[in-house]
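I've put the structures underneath this note.
Two complexes, one shared chain (chain A), two partners (chain B, chain C).
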Partner chain A sequence: MSRPFIEVDHVSKQFKKNDVFSNLSFSLKEGEVLSLVGPSGTGKSTLLRCLAGIEAFTSGEVLIEGNSILQTAAKDRPIGMVFQQALLFPHLTILENVTYGLRLHTAKREAVIEGLKYLKLVGLEDYKNEYPHALSGGQQQRVSLVRALILKPKLLLLDEPFSSLDPELRRELRGWVKELLRKENTTSIFVTHDREEAMLLGDRVAVLAEGVIQQQGRPKEVYDHPVNRLVARLYSDAFVLDHDSYCLTEHLEWLSEKQEGYECFQAEWVNDTYQHGQRYAHIRLSGDQGRYVIPVPRDQSVNTDQTGFIGVPLAFIKRFE
Partner chain B sequence: MKKWIFYGSAFLLFFIPAILLIVKSFTPVWRWGEPFTFDWTLRGWETFLMDARIFDAMAISLVIALVVTFLNLFTGIPAGKALSHSEFRGKSALEVLLVLPLFLPAMAAAVGLHITMIRLGLANNWLGVAIVHLVPTIPYTIKVMKSGYDRLNPDMLQQGKMLGAGGWHVFRTIELPMLMPSIRSAVFLTVTISMSQYVLTAIIGGGNVITLPIIYYPFLQSVDDTVMAAFSVAFAILPVLAVLFVELVATVLTGRFSISKRGAL
Partner chain C sequence: MKWYQTSKPAVLLIPALLFLLLIVYSLVMAFAESIRSPEGWTWAYYGELFMQRRLIESLGYSLSITFVSVFLSVLIGWAVVRWFYSFIDEPGGKWLVWIPMLFPHFVWGYFVLLLLGQSGLISSFFYQAGWLSSREAFPVLTQDAYGVGIIITYLWKEIPFVILMLLPAYLQLPKQYGEVIAVLGGGRKEWFKTVEWPWVQPVIVEITLILTAFIFTAYEVPALLGISYPQMTAVLAYDWFYGAAWEERSYAFGLLCLIAFILGAIALLSFALMNRRRWLLSKSSHQY
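On to the complex of A and B.
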């Protein structure tokens, strides 16, 4: 078997003697996009910064096409990075921003031709002589992305690039980014805390929590078969019965009284919402043991005191593996 | 509205006084009770030019101010960056320590440093004067550069490196242009403070280094407004020259003319 394109091997990072993350290992095939999901503060950004060379790993090895990169300075690594903010250089025009990296090694004429080609790709060629402040947040982030892509990095790191944008813009941009990454066949690691984004962009997802990769696999696989409570809570939509078993919330039912064939949990109906025609009940387990959203039929009525049971069909209870 | 306030106050507080000063340097002294007359006179400027050392003094003032400015930037930029972008133990204490020279009376600093300067062979020459001018200027430069770096996101500089640029290139093409507003403030402060030093210059220069204030201050005792105005106008031109020179150096370094660029900073 040939070696993977990118290999991250047992990397750890300590900060003031505390583990930020430890023994992370994963690999990427050429052109593959890995989504890294997890709650904030679990070292996702730190991992990217270490890969980029802005910070250093405490231990571990990173290979690109079989060559270690950890001894290489940040500026010489074949890695590009897009930060949370667009970080366009405010004193340079859009075109100058895009060609900033190219100009280091290429003559101005060629850099400009290449820069215009890429600006056209993102539909911003009309803005080439504008300064960054004239662009909207989404446009700035697009410029930031092509500024990294134009250098054809072997690995592109995206650190929550949409998090500073409003929801409308995010939706528009992520589809667009996915298409661009595919077109350029760019191997990338995409960090997010939004699982919808993770599913949409990643060929594979890895769930990072409590300093370890809890699970990785195809987006649907991980969603359908979470391996533990953390993944069930962070990435999947699952009702966790106990340490060993769970049930996907799509199978849950709202019961006004206990029934055969169900494991029942007393709960309170908080309210309901509709999405794409489907009605969802927002349920609070009694004793405040968590909230769940479960699909319910549109015509199902609710007791006046709004108490009832979450019914977990016995047939759909699965064990964490 | 904001623009209106800016232009309004600039006119009132800068333009009118400057014009009055220039007019004053060409009109004779007016004493209380005398009728208003509009006579013109070149006496102010003649007195100014009478002293043969005047152009030497202007030149040496300018040279000293520029040397002081570059020493300031050379130390103030890295210091400001460290104070703003790095975390280390005793940072606040160091920050206070660096401002302390401002609380020292100039006389005390001059007398205290005089013997050291003599030992080092720096007394009585212009380089010694330039070095002693660092005492009242460097604290300001560090403060100004620190707040400049506070406004500059460290990731902006990392982004430059991620695009393949080395440290010096990032400094020239990103840091320097983005810090220009702070550098300008620091340069103005430094040049003006350096050119206003009388005590420090007189003691360390030992009478050999004749800067503009050394010639200028004796005239303060006279009540001849016309002569004073002529001196003041000449004095005001020097900082402008110094700032233009710094702009020129910055333009050469960054490879672009930053003052006319529309990019908002």
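On to the complex of A and C.
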């Protein structure tokens, strides 16, 4: 079997003797996009910063095409990075920004030709002589992505690049980014706390929580088969019955009284909403033990604040594996 | 009340505008005095001004002292901030810099005279210690032909000024761009070229202008620590102003008007050249 393109092997990071993350291991094939999803403060951005060389790992190894990169300074690593803010140099034009990294090693003429090619690729060639402030947030983030891509990095790190954009722009941009990464065959790690984004962009997802990778796999695989409560809560739509078992919320039912064939949990119907024609009930478990959203038939008649039961069909209860 | 709310910025500007009016009035009056003779309006004083050997010598002396003082103040102050700004930002460091700022230039000049004069504290100490055969063997550092005492006083006073002016600029440097530069393959050179210099340059230009204008036209320090010939321009202008000859008063006005005009033009030009870049830098998307 051939070696993976990128290998991250048991990397750990401590800050003031506290573990930020420990023993993270994963690998990427060439051209693959790994979405790293998890709540804020779990060290996702720190992991990217360590990979980029801005910070150092406490221990572990990172190989690109079999070569260790950890002794290499950030500026010499074949790794590109896009930050949460576009961070374009405000006093340089868009073309100067795009060609900034290229100009460090390439003659101006070639850099400009390449820069224009990339700007055309992302539909921003008309802005080449503008300054960053003249562009919208989404356009600035595109330029920032192109500025990293133009260097043809072996690994591209995207640290929540859409987090400062409004929802509509985010939706528009993530499809565009996925397409561009595929076109350029760029191996990437995409960090987000938005699982929808993680599913959309990643060929694979890894759920990072409490400093360790809880699960990794294909987006649907992780969604359908979470391995523990954390993944079930953070990435899947699952109703966790206990430490060992769960049921995907798509199988749950709202019952006005207990029924056979179901495990029933007393709950209160809080509200209902509609999305793409499907009705969803917002349910609060008795004793305020959590809220769930479950699909319900459109014609099921329920009053707000009515108490009843979340019915978990016994046939759909699965064990965490 | 509504009127006050809408006109608040203009109202708040009134004291500054009144002060500015005073300056403009002084400049106009000085200029009027420089072109007025008993026979009527004339440019003759400006023509004659540069025939004065005393002035030519004074300009050379003033320019060299100003250049050395400003250049060294900016260079040393900048170097100190660049390498020690995190220490200077601490209370102890700030006090160290603030102490010379608390004393007026004249007091500091007097202090330099007492310290570095041939009969000053240091020469006396060296003499008492037996390291000098006589106090006169101590080098002439004050009231000397090269303006060493003047330069030392200005360095002592202006280096802290440069530090305090540059400190906020360094504390607010957008460090996130350093990370961007690193992942794009750049090093310290690129950081300096792309971030540090563009952000700091306007402050350095401003400091240079302020110090040049101040040192070139200040009276107290060269009057105290300078010699009788050549004199710095401000001392010469003072002598002319209080001199017995009537036309010398017009020379004084003409000289100071010319200096004000040249310095004002340089300042305006610098601001015009820097404004666009300053505006662009203010649009940066980085977060502190």
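Keep this in mind: the second predicted complex is superposed on the first by the 318 of 321 C-alpha atoms of A that agree within 3 Å, B and C clash if a C-alpha of one lies under 4 Å from a C-alpha of the other, contacts with A are read in each partner's own complex, and residues count from 1 in each chain.
Note that contacts are C-beta pairs under 8 Å (C-beta built on N, C-alpha and C of every residue); 3 or more make two chains touch, one makes a residue touch a chain.
A quick note: this is a predicted structure, and the numbers were derived from the prediction, not measured.
Aligning the two structures on chain A places chain B and chain C in clashing positions. Within the superposed three-chain model, A:L314 lies out of touch with both chain B and chain C [touch as defined at top].
Applying the stated contact rule after C-alpha superposition, one finds that A:V270 touches neither chain B nor chain C. Within the superposed three-chain model, A:H133 lies in touch with chain B and with chain C [touch as defined at top]. By the touch criterion defined above, A:I113 lies against neither chain B nor chain C after alignment on the C-alpha atoms of chain A.
By the document's definition of touching, both partners, chain B and chain C, reach A:L87. Shared contact residues of chain A, touching chain B in one structure and chain C in the other: 52-54, 74-76, 79-81, 83, 85, 87, 89-92, 100-101, 104-105, 131-133, 147-148, 151.
On the side of chain A, the complex with chain B involves touching residues 52-54, 74-76, 79-81, 83, 85, 87, 89-93, 100-101, 104-105, 131-133, 147-148, 151.
Chain contact summary for the complex, chain B toward chain A: residues 153, 155-156, 158-166, 169, 173-174, 177-178, 258, 261-265.
Taken together, the chain C residues at the contact with chain A in this complex read 176-177, 179-187, 190, 194-195, 198, 277, 280-287. Those residues of chain A lying in contact with chain C across their complex are 49, 52-54, 73-77, 79-81, 83, 85-92, 100-101, 104-105, 131-133, 140, 147-148, 151.
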